[in-house]
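Which chain is which? They are A, B, C, D and E, in the order written, and residues in each are numbered from 1.
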Amino acid sequence: MLQVNNIEVVYMNVIQVLRGVSLDVSDGKIIALLGANGAGKTTTLKAVSGMLRTEEGEVTDGSIDFDGERIDRYGPEDIAAMGISQAMEGRRVLEHLSVEENLLVGAYCRKDRAEVKRDIERVFNWFPKIKQLRRQMSGYLSGGEQQMLVIGRALMARPRLMLLDEPSLGLAPLLVEEIYEIIARINSEQRMAILLVEQNVRAALGIADYGYVMENGRVVLDGPAEKLKDNEDVREFYLGLSAVGSKKSYREVKHYRRRKRWLA
Amino acid sequence: MEKDRQVKLQIDKVSLSFGGVSALVDVSLDIRDKEILAIIGPNGAGKTALLNCINGFYKPQKGEIYYEGQKITRMRPDKLARLGIARTFQNIELYTHLSTQDNLMAARHVLMEHNFIAGALYLGWAQKEEIEHRQVVEEIIDFLEIAPIRKRIVGLLPYGMRKRVELARALALGPKVLLLDEPMAGMNLEEKEDIARFIIDVFEGQGASYPDTPVLRDGIRSIILVEHDMGVVMDIADRIIVLDFGRKIAEGTPAEISSNPEVIKAYLGKEK
Amino acid sequence: MGSHFGAVQESYAQDLAIFRTKLHWGALFAFLLFLFTCPLFFSDRMLTIMTMIGIAVISVHGLNILTGYCGQISIGHAGFMAVGGYASAILCAKLGFPFWIALPCGALTAGIAGLIFGLPSLKIKGFYLIMATIAAQFIIIWTIIQLRSITGGPDGLSVPKPAIGSIVLSSKANYFYLVMAFTCLATLLAKNIVRTRTGRAFIAIRDNDLAAEVMGISLWSYKLQAFFIGCVYAGVAGSLLIHYYSFASIDQFPFMDSVWYLGMLIVGGMGSTTGAIMGAVALRLLDELITMVGPILSAAVAPQAAASLALISHGLIIIIFLIFEPRGLHHRWEMIKAYFRLWPFSHEE
Amino acid sequence: DGAEAQKKLYVGGTQSLTGPFAEDSAAVLAAIEDYVKYVNETKNLGPWRKEKFPADITLEVLWRDDELKPAKALSIYEELKAKGMMVARISGSPIALALKDKMWEDRMGATSMATGPYYLSPPQSCFTYYPIYTDSLAAIADWFKANWKETRKPKVAYLTADNAMGRSIEIPEMKAYLEKVGYEFVGTQYVPLVPTSPPTTQLTWLKEKGVDLAVGVMINPGAQPTVKEMVRLGMGPYQPYKMTFGTGAPGHAAVFAEAMGELGDGYVCAGSFRPMDDLAIPGIKFCRDLQDKYRPGKRVTHIMYQAGILEGMIQVEALRLAMNEVPFEKLTRRDVLEKGFFKIKNLETGKISSTPLTYGEGDIEGVDQIRIDQVQKGKVVEVGLTPLRHIFTRK
Amino acid sequence: MTFFLQLVVTGFALGMIYALIALGFVIILKCSEAFNIAQGHFVLIGGYLGYTFLVTFGLPIWGTLLMAILTAIIMGLLIERLILRPLVGQPVLAVIMVTIALATVLGGLATLIWGAEYKAYHGLLPTINLQIGSISVPSESLIGLIVSIVTVAILMLFLRYTKIGLAMRATAEDLQVVQSVGIKATTVYAVSWVIASIVGVIGGILLGGVSGANMELAEIGLKAFAVVLLGGVNSIGGAIVAGIILGMLENVAAGYLDPLLPGGGLAKVFPFIVMIIVLIFRPYGLFGLVRIERI
């Protein structure tokens, strides 16, 4: 349903961030997008959701198609209306709105009022912690609570494709597990396709069907999740397993600057 | 625990609430010289609130906080920074329009002395001081391996890099106590390893490799780490404190904590 | 990284310098030479315009420190100029002080007024602070009217021609040199302030006041310092203005001027000394251009219509400029520089 | 052609074609243009004048819009000066305050649309054609006192615009004069230059204090709502509560009467211009003729057209007088000031101004008597002529 | 006592008109965090429109209001489409600057169309005389009061019962988030500019009924700004209360304090002084939203 074809993205006319990224999200699948800090994962998501424009960024080459329609020149509102919703990184809650209002904003474009009410309750069921705080101004929530709210808000739109930018960021371990269960459930129940950017590679590859690894603005590796998990580099750099398969201790990390990345 | 080790920071029955929400309830703990103390707990347990109390941003309704024996409970945050308490933030709080280097220089503020008149004239003294501190900043940049982004505007850096700059800025304050609020969130494993190594290196001190920068040379002897990644916490913390609903529910070594049933129920979940 | 292509610095001192390359020094020299020789080939009118621009630049530098760097938006800058201007006018006219003593005293008075009206900034932020500064403007002007016995109230106050020693600054050229000297000095000092400790504290407060406080910057002290410095600049500009008119009157400091000083800063680009200069120069020149267009237009339509058409175009030019460059002239300038630094490569790594 | 082009003199000057005085300034500019065309064409100076303007010299109007901004006026002034202009004009007090000293330094004579006491402090090279506000109000006070029938002292208060113009009457000399003439001074009430709500409170105050005469300086947008509210509250010379309200020149009675009709009955104005349709007055007739000739179909009905005619006359007269003594080629600004403006004596204005205009060194007020007009039955009626009192003591 | 009550009553009516105009500010601030320097110029245009429709076209008051509202809608839409839309997502300061320039343009237009002339139309608004005991309420004040109350009420209902109110608040917080959920920010802006221009224009007609259409009307916009901040930037109710307080303060200051001072003019600054004092104790205005400050 979503095809990103060899796009290049340039910020402020001078800073080139993506240098030819292609990926594919097909109906109802979960796709993981992995990569180090600054690889361009967030930028890729922004390119899809049309959010680049407000940051002086631009897709200078390549194209993005959604259901066969080319969307890389559309505004973010139009793209959202087509059924793509993004949970942005950095816990972007609407601070001065209450938790409930935040969720309502998420469902703004939906007409089915009754269904929206039910969805709010559903979100509260997934995240009981924020249910207690439903009248609280969201700016006062703790980091993790805000993260739950952002995910909940993205879900409220009932999109066909959801772009999740690091959903597990700052969540307690118990909750990370839950979140992934929820994502998997939504994916299977609502046939919602998900493009997932994650640093928690273990969890992401656990539910994803397919994965891409980005490096320096390029896709350097892709394949079905199972195959990626077995890739030697992925195992070492992302899963923290040495060749033998045992886990290293953080105390014993070596003091030299290590070999980095696939491509120089 | 060795009781004779000097207590750096003592938190005594601190309670904090916002309207109806109690963020902290009678929390007592202390951090001693030469230790990395981890604070863990579910989301909304009050970890960040506790750090905010320590550095004066929140004023607790009850209880007292002592730093090296001095009562600091209602002190202004900037005074506490001068006393040597530095921190990083959960939702990155950098000076977005400054370069990495200037962010660190801005933290050196507390250790610099020239005022705006000397600065305006930029003669001898001010220039000398600027250069001196610039040297320290460069050492920190070198230590944290952020030289390539030295002159980049931090607002545009990727998430992980900004976290690292925050750590650098905290070090630039030259603190004696370092509070870290989820320094590794949003990083992949390899980057977490880097940060873990930096924390350990800072804790241990680097001696002669960074002769001009006291924090790096002698190390920071007391570090409080708030983090959700259990792997990291278990590996590098000397002692762990667990908060839940604003209360301290457990305290102990990593081994003790990981087998504490209450902690498993509230926070860790079943071991897989 | 751009620095691969720029000059390579060998010491921190060099890295910290304002003028780093031969090109920088050459440009500086050429500019100073131009300023020095201006009166030889410029008409009185051009000198007047340049003098007024110089004064505006000084004022906008002050506003830039306060608003552009420290983030305390002020729409009362003309009011602070009035304090400086009137203080030095009164010293000269009523107490017979020489100009060169009255001017710093005026500047200091404006600084103190800045401190007083800056006090609410410790509690009030953002838009609410704007209100306090607007209030400053009106309260200051009102006070000047009230103190009729020393300020002349609405009738204004005549000020003797400024003199430094035995040189009476009565010719356009003389005063032009004086203002330009002040402008250059003001620019240099502003640049130095903002690139050293104090300036970084200001930016820290602007970008993130909460973190700044936790990171050891006393909001209390630095916000007041910003008000003080910004208003001292305004005071100098106000003094220079009044001595140029040889007459002090409240009409020289209308509220709309405060708005336009902020406008100059926005058009130039907040938080950059070059931007402050560019903005002041651009808007003042545009203003003059519009004046010239009026009578020419009136050949086609009635004079009043011509005047209003000129005014409309004034607004439209600014609007169109902002639509294309909402971040101000300075930003455009940086982009051009970046482009040439990278040349012949089209993108940065 | 070349020789003719050389013999050119400029009149006009800075205008405030945008901002609050836009309309006044536009009318003035139109009048100056028309008058200059008239002089160029006929070489006459006015239907009632015998003198001729030198035949070989053409006049040209130069103007720039200063938007009432002092800084702009300054550079415009320099520009016009550089073009060789030897007379200037002032369009409002902000401009006056900024240019007055520069003009004196350059010995530039100027006509002025604004009238404030600041002109009376030396240096002086700006000339007005209606009296200073304090003198206007003194004239009203004299007239009112002369008609006062009761034995008790009449009570007077200021009811004046809340701006520099309105407050310029608050000088000790003014109050002293009122008391000297036999008034009891009660106090001051201010009305915003353009009021946003009817000045009910101010008027109630006057009523409570038992004021008989209220005087002040107000422009029409301030005076009209004030008088309207007075009538509503039953105050005025023909109302249950007897009180007279008088203002100085910019609140021209003619404009007022036209806008208010009989509602404005009783309103008094000192030193104001005549109605634009009173063709019995030679000056007004002249205005009408000029307009018929030079702007047929686009008649300017604004009262300040009269001011423009006066300004044109004064500027041209100063140039002419100066050229009587100094040849065109040697003419300087100083000559125009000292041998022109200072020498204007009894310049006949066709009754546009209260009296013929006379200027001299230190005498910038022009008129020496002040006409007092009152609105009666919706029409302007001349009710008195009072000598200038020179209230303001020069410093 | 009569005097005092007189002050209070006229102040109240004036304050209600201020509150109406201030609403325009609040709406723009609510959705874009930018303050609209040109709000006073909407008032100016309103004054002249009042003259045009009442006097030139001889329409009755309701026809005038209707036509003026139509004009205001067109004006608001044009401004949003041509000037604000290209600036969506740009720094707030650019938006503020654009409103400064817009003020210049509107001022120029008023001069161009109406010659900056003073155009009186008092007496053309309907006259209702109200005498409460010894206090006599001016007709203009009464009309102003009624029209403002009705307009404000309609607007408040509109904002409460449509989702647009929520969208406005959300847009002010974070444009990107709002766009990411499919809210058309441009629509939100368009609605708010239309509302701002409607209330400005109506306010202009009401004030013009007292003072006549006049260039000085633009200055009134500034007072409305003070009203907004006193009330609290994001509070419509606050704007109303503050408008009334300010209107009364202004009148009481003019009535009682001015005569005591040699130079007078206190009416202009007294509200400012009170406001600074209030803000020091309530930094977010009387009813403003407390800004969230946490790290």
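Here is the rule we go by: a residue touches a chain if its C-beta (ideal position, glycine included) is under 8 Å from a C-beta of that chain, and two chains touch if they have at least 3 such contacts.
All values derive from a computational prediction rather than experimental measurement.
Common neighbours of chain A and chain E, listed by label, are B, C. Considering the contact criterion stated above, the chains in touch with chain C and with chain E alike are A, B, D. With every chain reduced to the mean of its CA atoms, the largest distance from chain A is reached by D. Spacing of chain D relative to chain E, judged by their CA centroids, is 35 angstrom. With centres set at the average Cα position, the gap from chain B to chain E is 49 Å.
With centres taken as mean Cα positions, chain D sits 74 Å from chain B.
Residue positions 107-108, 111, 115-116, 262-263, 265, 268, 291, 294-295 of chain E are each in touch with at least two other chains. Of all residues in chain B, those touching 2 or more other chains are 57, 89, 91, 93, listed in ascending order. Counting only residues that touch two or more partner chains, chain D has 17-18, 22-23, 26, 163, 167.
Pairwise, the chains that make contact are A-B, A-C, A-E, B-C, B-E, C-D, C-E, D-E. Those residues of chain A whose C-beta lies close enough to touch chain C in the complex are 10, 12-16. Those residues of chain E that touch chain B in the shared complex are 294-295.
Against chain E, the residues of chain C that register as touching in their complex are 120, 123-128, 130-132, 134-135, 138-139, 142, 145-146, 148, 153, 210-211, 214, 255, 259-260, 262-263, 266-267, 270, 304-305, 307-312, 314-316, 318-319, 322-323, 326-328. Put simply, chain C touches chain B in their complex at residues 1-3, 12-13, 15-16, 189-190, 192-193, 196-201, 203-204, 206-208, 210-219, 225, 229, 271.
Of all residues in chain B, those touching chain C in their complex are 55-57, 76-78, 81-82, 86-87, 89, 93-98, 102, 105-107, 109-110, 112, 114-116, 119-122, 126-127, 129-131, 134-135, 138, 148, 151, 169, 173.
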